[in-house]
Amino acid sequence: MRNTFGTNVTVTLFGESHGPEIGCVVDGLAPGLHVNEDFIAAQLALRRPMGRISTARVEPDPFRIVSGVYQGRTTGTPLCILIPNTQARSEDYVNLKTTPRPGHADYTGSVKYRGFGDPRGGGHFSGRLTAPLVAAGAIAIGALRSRGVTIGTHIARLAGIADRPFDDLGEDVARLGSLPFAVLDEAAGEKMRAAIETAAKDGDSVGGILESAVLGLPAGLGEPWFDTMEGLLSHALFSIPAVKAVEFGDGFGLAEGRGSETNDPFRMEAGRVVTASNHNGGVNGGLTNGMPLIFRTAVKPTPSIGLPQQTVDLSAGENVELTLTGRHDPCIVHRARVVQDSLTALVLLDLIQPL
Amino acid sequence: MRNTFGTNVTVTLFGESHGPEIGCVVDGLAPGLHVNEDFIAAQLALRRPMGRISTARVEPDPFRIVSGVYQGRTTGTPLCILIPNTQARSEDYVNLKTTPRPGHADYTGSVKYRGFGDPRGGGHFSGRLTAPLVAAGAIAIGALRSRGVTIGTHIARLAGIADRPFDDLGEDVARLGSLPFAVLDEAAGEKMRAAIETAAKDGDSVGGILESAVLGLPAGLGEPWFDTMEGLLSHALFSIPAVKAVEFGDGFGLAEGRGSETNDPFRMEAGRVVTASNHNGGVNGGLTNGMPLIFRTAVKPTPSIGLPQQTVDLSAGENVELTLTGRHDPCIVHRARVVQDSLTALVLLDLIQPL
Amino acid sequence: MRNTFGTNVTVTLFGESHGPEIGCVVDGLAPGLHVNEDFIAAQLALRRPMGRISTARVEPDPFRIVSGVYQGRTTGTPLCILIPNTQARSEDYVNLKTTPRPGHADYTGSVKYRGFGDPRGGGHFSGRLTAPLVAAGAIAIGALRSRGVTIGTHIARLAGIADRPFDDLGEDVARLGSLPFAVLDEAAGEKMRAAIETAAKDGDSVGGILESAVLGLPAGLGEPWFDTMEGLLSHALFSIPAVKAVEFGDGFGLAEGRGSETNDPFRMEAGRVVTASNHNGGVNGGLTNGMPLIFRTAVKPTPSIGLPQQTVDLSAGENVELTLTGRHDPCIVHRARVVQDSLTALVLLDLIQPL
Amino acid sequence: MRNTFGTNVTVTLFGESHGPEIGCVVDGLAPGLHVNEDFIAAQLALRRPMGRISTARVEPDPFRIVSGVYQGRTTGTPLCILIPNTQARSEDYVNLKTTPRPGHADYTGSVKYRGFGDPRGGGHFSGRLTAPLVAAGAIAIGALRSRGVTIGTHIARLAGIADRPFDDLGEDVARLGSLPFAVLDEAAGEKMRAAIETAAKDGDSVGGILESAVLGLPAGLGEPWFDTMEGLLSHALFSIPAVKAVEFGDGFGLAEGRGSETNDPFRMEAGRVVTASNHNGGVNGGLTNGMPLIFRTAVKPTPSIGLPQQTVDLSAGENVELTLTGRHDPCIVHRARVVQDSLTALVLLDLIQPL
């Protein structure tokens, strides 16, 4: 199933960057869930570009829910969300069909779709398609909250600048939700924004690392093989444009230690089984163990940069230089954060709802 | 679908560590593929434990193919592989049902399966279940080779010791296939084996990093959303017991650079589109770009160690100390290598076969 | 997957009878297929109600394709079709939530969706949802035609009146496509329409049998188990509201004969394997045999009738009499025909496209 | 997914008629279900051939459960059942690869699998593959019983001879379970067996109609579109070799009536919503309504007959006459009964278990 994921709660994504509308169908939602349109709008606002990084223009995408909601609650039948496209400058992109941008899907997409893809604005590959995912994720986040599950993601690194690590997870996760630029240490955030502006002035771009924590999950979610918690989440997280790596708990750091250091000892706490450390990020044998689920993704620098780049002219079969025109994000890490929350929520709701 | 993965070529896994037989069903294989039982046996031998690391006892698991093969070729109908279990010392594991091993699935599995799971040898969670996956993978590796696709994996790090990086990929990948301890630099390999022996003497364990290269893939494999090449592969790779992280191309390193450094410029080479560098590991926008597919996994130290550990007695609800008896792998990185090759081959065959 | 069907070419359906828009997402279409919007409009016109049966108001539903088509051809990415709803008299339906109509989904839907379903016009259960299926089916019918596969369905029986049987299949199938009232014998069609008008005057409704033929299919489509050709088609055909039975070839008639009568002998004809008879409807062992695929569905009388009926008041827990107001179809057999063609085309395209 | 069906509880079937073993993997069973091996053996006995029809040799197939059961209960992990093949006369079938039997899958299978299929005994198409389905179904029947759901199937017609209709459904269903020749009217059963013997003497075969009733189902099972109760069941039932038609409730008979006759009025009975009649077979709008689920399948006469038949020689490309040697079932209706119960139970458990 190409553009669909999930088993119990499924999401089917459609649309092109410059088509009339983009959207998604969320199927399998339990009937009776409250649908908070203000929260959807707020989440979409977190995803939108921020002028010169520092100000968040809260002009939400004018989404419409055309099915699956009646009198403010889910009906249990498929919920379709539509978001109109209003951008107009399609001519900027026409030549990308023959001179593919390095680091983008222009070339690979043209092979896969044999030249029939919509080239305007990246077509179906556009990061704009994350908007309906954020809208769908907002519903999932709401459904998880009503079951005591909360998600928080911060910019752990950006352009080499580190945020402070998670500390009091309950407080940190609660704070992160509504921050337009999600850092735990505001001084680090200032430096990160400055680094983005510097990169922008240079016609270049920067990347970073997003770290997420999920609190309140029951133990036993996931499967021993194939549909492990790590496998299910990473499968979805690689749909965030520019994500190239996923690690759980101490991740690559685990490769360096010894078993006596990386095993998380169990102990009883207030009648409940907990672990004394959390090197495994809340997952043992592919299943959640009831501790906070911790994971990180690497977001590469935005491939669209202003500097001239080497590429090929596919029709002439020769090397050419490409200089992109138009405005481009010098960094998408801070915008990708809400997409990470959204996909995480959709994966987890898929597992939790049947319980 | 719990224990099944794939769309066109699917694998369904079954069995418990101490049951009479374990196995898998591979469905959707094209009819007429040659099935090389010697190669399956050789791959299974690579997965088996090596006494004191240095000697590979080539005593292959006595697998049987009970369906889907006729006169040495696939029939196109489901292929079932069975491998008998011969281990006998189930009594070692009985108390793990109430005193779960840290870092293992004993606790999470008992929650998920409400105490009804087979506790002997880890039951369905046992690493032994990778044997049928290796057998299935051997068939997939053979099918890919006949289409010019080859896979090689080396131990890039182990206990802090680094192998040399990939150099001439064609040569390196060709060499790695049959090495019992898959390093490119044999001197590094010596040090790694010594580190494993030291850990074993200490009653402890070590982990490492496996790096894979896949050569000969066509461009355009994967999907823009959800079933991205990275998403499909990582989903499967997290089924390798102890894998906690997956990265493609420069992976987490990409987060530190700038777009002008991490974009891979396109150029024409002998009438074919290639990239001048491969920071993206052969994947752009979720689709293969025809360059070598490069990825790494982090394998944590084996959780079963000889040192005493803190855990809980689930029936009494109190903290206890656990000392494991019996023999345990002080490292599974070198054995996990062939599992990584196998799962990779199965994921890729699923995508390539319909072409 | 609830509202999605298909494996290679999938359809995801959404919408409620009185919501703003209904639609579907068709994913997996090969890139480059011509999309003929006039043909979609013509097919939708065949599905629309006909005033007093005899006149076909060709006022097509104003559908919009919002993704997956660029410059008149499929892009290979998900194609979303939207159809606005314009009906307004929702108040007619409000009390059906507590006094369910016999033969309808009002009661069963209210149990399944725990009372949260949209009750207006039958909500997601409405026959109106077949409109997007017909639009999607029109694309599939076009794709099949370009591969030499054609589908024709006639009203084999209606209110006890029989159409003539299929005779020259090539001619019959070619004629049926654009007929607004699909009978092979126009005199029988006159009687059928008269029977519908009589039933309407009586405040009652009638049913019938739809018989389909598919020509030009290759041999070997389907699977030996579970995804047999009969199983795949029947699974989809029962989505046509009011269909309660499906039979292939001689169907229930086969139960009465002997093997020597019901086996279809093979013979060579112009270098091709054919069968001398077609009692099995073009399917042997779950797979197409290259002969015409023949099947019939039984369409029950429309459950919405004007006569008073016995039902219950779910809130009061007591028996009540229900008299429906508003206009209702006295027969949907002739309208269901194009839905049968559409679902058949979608099922077959799913199987044929990968070839 | 070719040889797998189900969503929550899945069955994957494998094996060939003359391979060493056939079997299936049942995944997703709830942990803790009792597995009654005697009942499995008894169900397998009902499926076995009966010498001269009248005597049931209770020599059960020696099945083995190799995974998914521990101490007599399901573990929740995949359950694999294996049944060895002991038949030996493979030489009887070798020439069927080039001279396909009319009415069988020999020709269509050879096209689909491009000549690589196992031709012995029909290979993967063999009716013998229903044995593991019956074993799996026995577990599902047991799981349904523990939730108050029972299934009964009788031979409603055979060679034109009618059994009496269902009367007191509770009593009838209870009686049918263990009958080796499942008729409600033993006098009709005598005539049916005589008809089978007559057909056998003539070198011919007969077919019939199987009618099932399922009691105790909750209302609301199924989906409005695609996964309707009728669609899910028919999809599975067409896997019974020789089934060519499926109808629910009054089925094709519904096409002849008027809505006022075929609608089932609702009424309250002991505080519960019931229907006064059951023309719709317990399904409204694709969902169960809590009344008995009633359906019928048409089983065609066994295609393997002793009389000479016309077929083709595929290698020579010419018409030939074929006379089958060996013993063949003159009727499989009575044996198919337990397969119908089994597949029905598996489909229903898939829907009920998550509740």
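Chains: A, B, C and D, in written order; residue numbering restarts at 1 for each.
One rule holds in what follows: a contact is a pair of C-beta atoms (placed from the backbone, for glycine too) under 8 Å apart; a residue touches a chain by one contact, two chains touch by 3 or more.
Owing to the predicted nature of the structure, the values given are computational and were not obtained by experimental measurement.
Asker: Can you name the chain that lies farthest from chain C, using the mean of each chain's Cα atoms as its centre?
Answerer: Result for max centroid distance from chain C is chain B.
Asker: Return the chain pair with more inter-chain C-beta contacts, choosing between A-D and A-C.
Answerer: Between the chain pairs A-D and A-C, A-C carries more contacts.
Asker: From the C-alpha centre of chain A to that of chain C, how far is it in Å?
Answerer: The answer is 40 Å.
Asker: Could you work out how far the Cα centre of chain A sits from that of chain B, in whole Å?
Answerer: Centres of chain A and chain B (C-alpha means) sit 27 Å apart.
Asker: Take the average of all CA coordinates in chain A, do the same for chain D, and state the distance between these two points in whole angstrom.
Answerer: Distance between chain centres: 47 Å.
Asker: Residues of chain D that touch two or more other chains: which are they?
Answerer: Those would be 1-4, 7, 13, 77, 112, 124, 224.
Asker: For chain B, which residues are in contact with chain C within the complex?
Answerer: Interface residues on the chain B side: 7, 77, 224, 354.
Asker: So in the complex, which bits of chain B are touching chain A?
Answerer: Checking each residue of chain B against chain A gives 1-5, 7, 13, 100, 102-109, 111-112, 124-125, 129, 157, 159-160, 199, 202, 204-209, 218-228, 230-232, 234-239, 241, 243-268, 271, 273, 275-276, 280-281, 283-290, 298-305, 307, 309-312, 314, 317-319.
Asker: Inside the complex, what are the residues of chain C that reach chain A?
Answerer: 1-4, 7, 10, 12-16, 19-23, 25, 27-28, 31-32, 64, 66-68, 70, 73-80, 82, 112-118, 123-124
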